[in-house]
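In structure tokens below, several structures.
Two complexes come next, and they have one chain in common, chain A, joined by chain B in the first and chain C in the second.
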Partner chain A sequence: MTFDYAPAPESRAVVDLASSYGLFIDGEFADGAGGGLRKTVSPATEEVLAEYTQGTAEDVDRAVQAARRAFEKWSALPGAERAKYLFRIARIIQERSRELAVLETLDNGKPIRESRDADLPLVAAHFFYYAGWADKLGHAGFGADPRPLGVAGQVIPWNFPLLMLAWKVAPALACGNTVVLKPAETTPLSALFFADICRQAGLPKGVVNIVTGDGSTGAALVAHPGIDKVAFTGSTGVGKAIARTVAGTDKKLTLELGGKAANIVFDDAPIDQAVEGIVNGIFFNQGHVCCAGSRLLVQESVQDELLDALKRRMSTLRVGDPLDKNTDIGAINSAEQLSRITELTAAGEAEGAERWSPACELPGSGYWFAPTLFTGVTQAHRIAREEIFGPVLSVLTFRTPEEAVAKANNTPYGLSAGIWTEKGSRMLWMASKLRAGVIWSNTFNKFDPTSPFGGYKESGFGREGGRHGLEAYLNV
Partner chain B sequence: MPTTVPAYGKEAAGRLVSMADVTASDGALRRFLHGLPGVDAVGLQARAATLGTRSIKTSAKAYAIDLAISMIDLTTLEGADTPGKVRALCAKGVHPDPTDRTAPKVAAICVYPDMVGVAKEALGDSGIHVASVATAFPAGRAALPVKLADTRDAVAAGADEIDMVIDRGAFLSGRYLSVFEEIKAVKEACARPDGSAAHLKVIFETGELQTYDNVRRASWLSMLAGADFIKTSTGKVAVNATPPVTLLMLEAVRDFAAATGVQVGVKPAGGIRTTKDAIKYLVMVNETLGEEWLTADWFRFGASSLLNDLLMQRQKLSTGRYSGPDYVTVD
Partner chain C sequence: MSDARLGVLKTYKLYVGGRFPRSESGRVYEVTDVKDRWLANAPLASRKDARDAVVAARKAFGGWSGATAYNRGQILYRVAEMLEGRREQFVAEVADAEGLSKAKAAAQVDAAIDRWVWYAGWSDKVAQIAGSSNPVAGPYFNLSAPEPTGVVAVLAPQESSFLGLVSVLAPVIVTGNTAVVVTSERAPLPALSLAEVLATSDLPGGVVNLLSGRTAELGAPLAAHQDVNALDLTGADADLAKELQTAAADNLKRVLRPRATDWSADPGTDRLLAFLETKTVWHPMGV
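And then the complex of A and B:
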């Protein structure tokens, strides 16, 4: 007999889903101006979860007007008053965290283990952290009385729907701005639940507005003349389009875009922990992470040993029902994303890299992709250069620290990097040479509200999180 | 005992070297042990914590509970131990739950050497092993001839398994070869006249070794010297078995098996009191070493109070209700 883990599904009963959702404008849920309804599905089952409203330019305009009106009062409140609302929101998020974790897993496809243990604690932590800053802005290093910018138009991605909302909304409100936020078209639900939390917290009308819809809704928001600040997290392609739209206006802009991070393993690395870090680096959230460690750079002398250990470890990953508490890897977020991953991995094979996946049975319905490893990858392969945004790891090798630096930096991106070595001096030397916004050593994918996050080159500009994250929402 | 082991260090790249080279001198052994891959404490603890979040329910839980019971070295190691106490413990080991004869028996009864004969007689042909803590347990502070006599005495009295403590003083002061030779000597003392031998479990007292790097070195050192099992602790100090330390030892056993083909068992001991904890350890074994180690031949719990919690959980699963401490025996 074997030690098979019986299914341990988290109950869906804690989430009360409506069949249809409107937009959240000026403190009320309202019907759209005729853009129609869209469906959001569970990527694990393709079941339709709910309908939501396709926001139009007219809807965006109403939301921006509401935010503009609210800005006068909100920005005039003493910081300590704004902090009270943010603390209240943070506490409600904690109280409703189980409900929100299940909702996020239903709509996004990520394992409940991650939404429960990583996403939701971080969401609450961001609101707590920026609540703490609201009455101390004069001590943040941006002058004695830094002023808010006005109305922030925020567009967020589908990989961490609620966490990205928290990264954007918490600092904006703490600084005295009001917001119009557009969640991703495949994951709108947690933002709509957040709207309900704003009402529960008694947040003044119009301070937070949620307009759902597809890319055209986002484009209308970014182009609206009534906003003062654009914050976007998502693909580099859309980021470039936004930069073109905003160019020539006086709107402030921060972009947090794609990545192709190098995870660099030296021959003196703590091997067992490096393997865990590699797994966490690329398979966390199915690899739907802009700072994912998608390029493994391993020193040639330990290549065989490390890859054996990595394959052995990958064979223990459990892929399947995201609501099962024992699932390590959930569903790919959408059919479109699945086809992109499939296309790029096919290119990897066609270009001569060797593909490996552990034996694992994938569910019959929904969007699934087995954890995948490519060896024999070179800098010339597409899978070493393009962001795959899926559970696919490309393995390259190096011989010397200089070569590792050269290969790690040889990318259009620069969001994150990882270094694995027991030698402190080499770790610090490497960290000073790598051109990436976040560099982890002997760990990977660690996030904290106090730590700034953002990229170099095509990974965008501006920083979110920490004291640096305030700057993007203040007139400095 | 293996004849070759992997070379570690900068230029090693998977080469094998002979055991004789590695154990030729204190210096050679030190170079080998210090060349083992390092352990990142934060990462090790995080991995152990993640493995502890597996949700084991219903049929998997029932399986795990019976498996855990069958892996227990039911232990009494008190200065006040008497034949009566040992006999009572043996009876419990054979039929852990008097109300439910389907409960599996434990793996072994663990006693001081002078109680081996009593336990052996009480257990009869039940198939339960008698384990004995020899080698001046728990401090290990005695001359080698005394430790060897202690071991031979326990084996002669019928012990199936010997739990020896390493000389932590020698280990911490870097006299690795002395520790190695001592384990080898005790292993030889485990031999019986008929050519068979008692199984040797080597106890590190990980709470005293302090660092994770030391635990990995002690694991390799003991396995090189011929340990059949490696065991965390005596249960007599403040810090005993912990999930990270046990995980690290499981990883060392996995690497040793891959390098030499020799399978070694693991025994966390001390401080494991609840079913929930025991299941976390089983999950660690399952996901680090796999099924092959999920038997009493290769994994044991050194515990005295764990059994009753397992039995109460077992009763809960079969009846749907919690009973209470009066529904399991106090022995």
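And then the complex of A and C:
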């Protein structure tokens, strides 16, 4: 006899959604300049959650001007005073974290378990960490008196809407910059709630401005002559377009782009821990993670054992209602993303890789994709080369550490990598050979505001987090 | 009788992969001093020479970036030693190239020699300055360390033919990058002579590759090259810089934009840090 889990839904009553949202410019919510309204839907149910404003170039201009006006006073504040605003924001985020977690899950489709236990604690931690830097910038190693850049234009993705906001806004404000931020088209709501947190914290008007909209809004922001810095997290394709846009200007640029991380498992690795790490590496947040461990490189001698254990573990993953506290894998963020994942997995099969998914029932409405494993993958396959950004793992094998390094580095990306081995000397050797910005050894997908994060090669440039993350917002 | 002796002129050549080839194109261009007097024919490097130089630089990257910092530091210091011994030659070349008095040229060369010494000392310190141990909230050992970004294409300053060149080259290689350098277009000779010093300074072949020729002609294939990781645009004018930066976006090269620089002033660390990546390693901690 089997026992079924009883549903354990988180209440959505903690979130008070308005039917329609304006833009947050100069400390006020205001209507847009005629770009119209868009709808944001819950990817789990396709229910329309709210309408929000399509920002136009005119709106972007108003926001940049507001940020420019605010910059003078904000940058002139003693660092200790700026710090206190950021500490306030961190505290209010902690107070409202349940509400924000539910909101994030509604709008993004990610499991409440993850928004509650991963996203929100990290969001608060980032503000808390960078708050403390605001009055210590002279000690950051960039000279005695580093200065802010001015107005930062920030464009963030839909996979971690509030966390990416925190990564961008906290260091920018700590360094004395003001910001105009454009959240992603499919997940604008938590940024608008953050605007309300700025109000509660008494943040001076114009220091943070939120302009919602689609890619055209982001393009208008990046191209605006009144901004001094561009920070973007998203796809490598858009990152390249942005790099072309800022060419020949004085705008400072940081880019956090795609990845195709190798997760490398040696035959001496603790198999059960490695399996947990592999699952966390690729199925966390539905695989909508730029640093996801999407290429599993397993040493040939343990391939069968590892894959058996991995399949067993994948069979226990619960896919479904993201608001259910037992859910491991939520909804794919949008219909568009679902079709991209579907197309790439079809290419995997067409190119001869073997596809496997555990038996799992997917809900009838909403956007869903079962956790998927491909074996028999070669380095030439599209599923081994292109970022899928979904719960799809490609398995390759190797025999020697040298071969593992060669295969792991055989990608234009260089964001992250994983190493699973009990042998310390081998781990350190591997870590030094892998061309990637973050190496997780005997663990995966760990984040912390004190720890720099960012890529090599086509995964972008600059670092976010830690002391290194300050550089992006200072005149150094 | 000695008055009748005819001096021996030097055929200047490129420096690629530790060797001194002529341009594969067979082309040269006339280099003159500031009063338009002929000094030498310098090789007019081609796009193919630029690509060959990238291949050589990539080949050298593994060994050079894998060398110990102690070793790299000693080799940079060795460059200074070799230069000191050939100081008079460089003073004469810089004086010709830039139209300087002997005293002023000597000051440039001395500063350039001292700059090699200054950067030599950075090799085993930059990781301590730019790295960090990160106090993450959890049982993890977490360390960030700088690493060289790879092959760096450098457009050397146009006016400061030697001190400027050294000031952009030394910070690139001291951290373990390898370099393809386009020398000052009008005044390439001190740079090409520097190659002779580099070749005898224990610097592995391919770590530094020097190309003389048209900055715009050579900059284009380097900015577009998929195996170049970073671009130093110091020697480009505003229009060329924009064009090359746009091309560099294609594989997201790290770009250092041109800006007014006083080469005689003490350099900061920004040129060192511009061509570094930060690698962060996490490992669980526990018994």
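Everything that follows uses one rule, which is that the second predicted complex is superposed on the first by the 475 of 476 C-alpha atoms of A that agree within 3 Å, B and C clash if a C-alpha of one lies under 4 Å from a C-alpha of the other, contacts with A are read in each partner's own complex, and residues count from 1 in each chain.
Operating definition for what follows: contacts are C-beta pairs under 8 Å (C-beta built on N, C-alpha and C of every residue); 3 or more make two chains touch, one makes a residue touch a chain.
In this text the structure is predicted, and so the values were computed from the model without any measurement.
Trainee: Looking at the combined model built on chain A, do chain B and chain C fit side by side or clash?
Mentor: fit
Trainee: If you count the residues of chain A that each partner touches, which comes out higher, chain B or chain C?
Mentor: Between chain B and chain C, the winner on chain A residue contacts is C.
Trainee: Rounding to a multiple of 10°, what is the angle at chain A's Cα centre between the Cα centres of chain B and chain C in the superposition?
Mentor: About 120 degrees between chain B and chain C, seen from chain A.
Trainee: Of the partners chain B and chain C, which touch A:G454 in the superposed model: first, second, both, neither?
Mentor: It touches chain C, and chain B stays clear.
Trainee: Taking the superposition as given, does A:S19 touch the first partner, chain B, the second, chain C, both, or neither?
Mentor: In the superposed model, A:S19 contacts neither chain B nor chain C.
Trainee: In the overlay, answer first, second, both or neither for which of chain B and chain C A:N442 touches.
Mentor: both
Trainee: Report for A:E276: first if it touches chain B alone, second if chain C alone, otherwise both or neither.
Mentor: first
Trainee: Would you sort A:Y5 into first (chain B), second (chain C), both or neither based on which partner it touches?
Mentor: first
Trainee: Looking at A:S425, would you say it contacts chain B, chain C, both, or neither? Reply first, second, both or neither.
Mentor: Neither partner.
Trainee: For the overlay built on chain A, what is the smallest gap between any CA atom of chain B and any CA atom of chain C, in Å?
Mentor: 6
Trainee: Residue by residue on chain A, keep only those touching chain B in one complex and chain C in the other, then list them.
Mentor: Of chain A, residues 442-443 contact chain B in one complex and chain C in the other.
Trainee: Help me check something: in the complex, which residues belonging to chain C touch chain A?
Mentor: Interface residues on chain C, with respect to chain A: 129-130, 132, 134-138, 140, 142, 144, 149, 229, 238, 241-242, 245-246, 248-252, 254, 257, 268, 270, 277-284.
Trainee: Okay, in this complex, where on chain A does chain C touch?
Mentor: 125, 141, 143, 236, 239-241, 243-244, 247-248, 250, 255, 257, 412, 427, 431, 436-443, 446, 448, 450-454, 456-458, 460-461, 463, 466-468, 476
Trainee: In the complex, go through chain B and note every residue touching chain A.
Mentor: 10-14, 37-40, 42-44, 46-47, 53-61, 63-64, 67, 248, 251, 282-283, 286-287, 291, 294
Trainee: In their shared complex, at which residues does chain A touch chain B?
Mentor: These residues of chain A touch chain B: 1-8, 113, 117, 267-273, 276-277, 301-302, 304-305, 316, 325-326, 422, 442-443.
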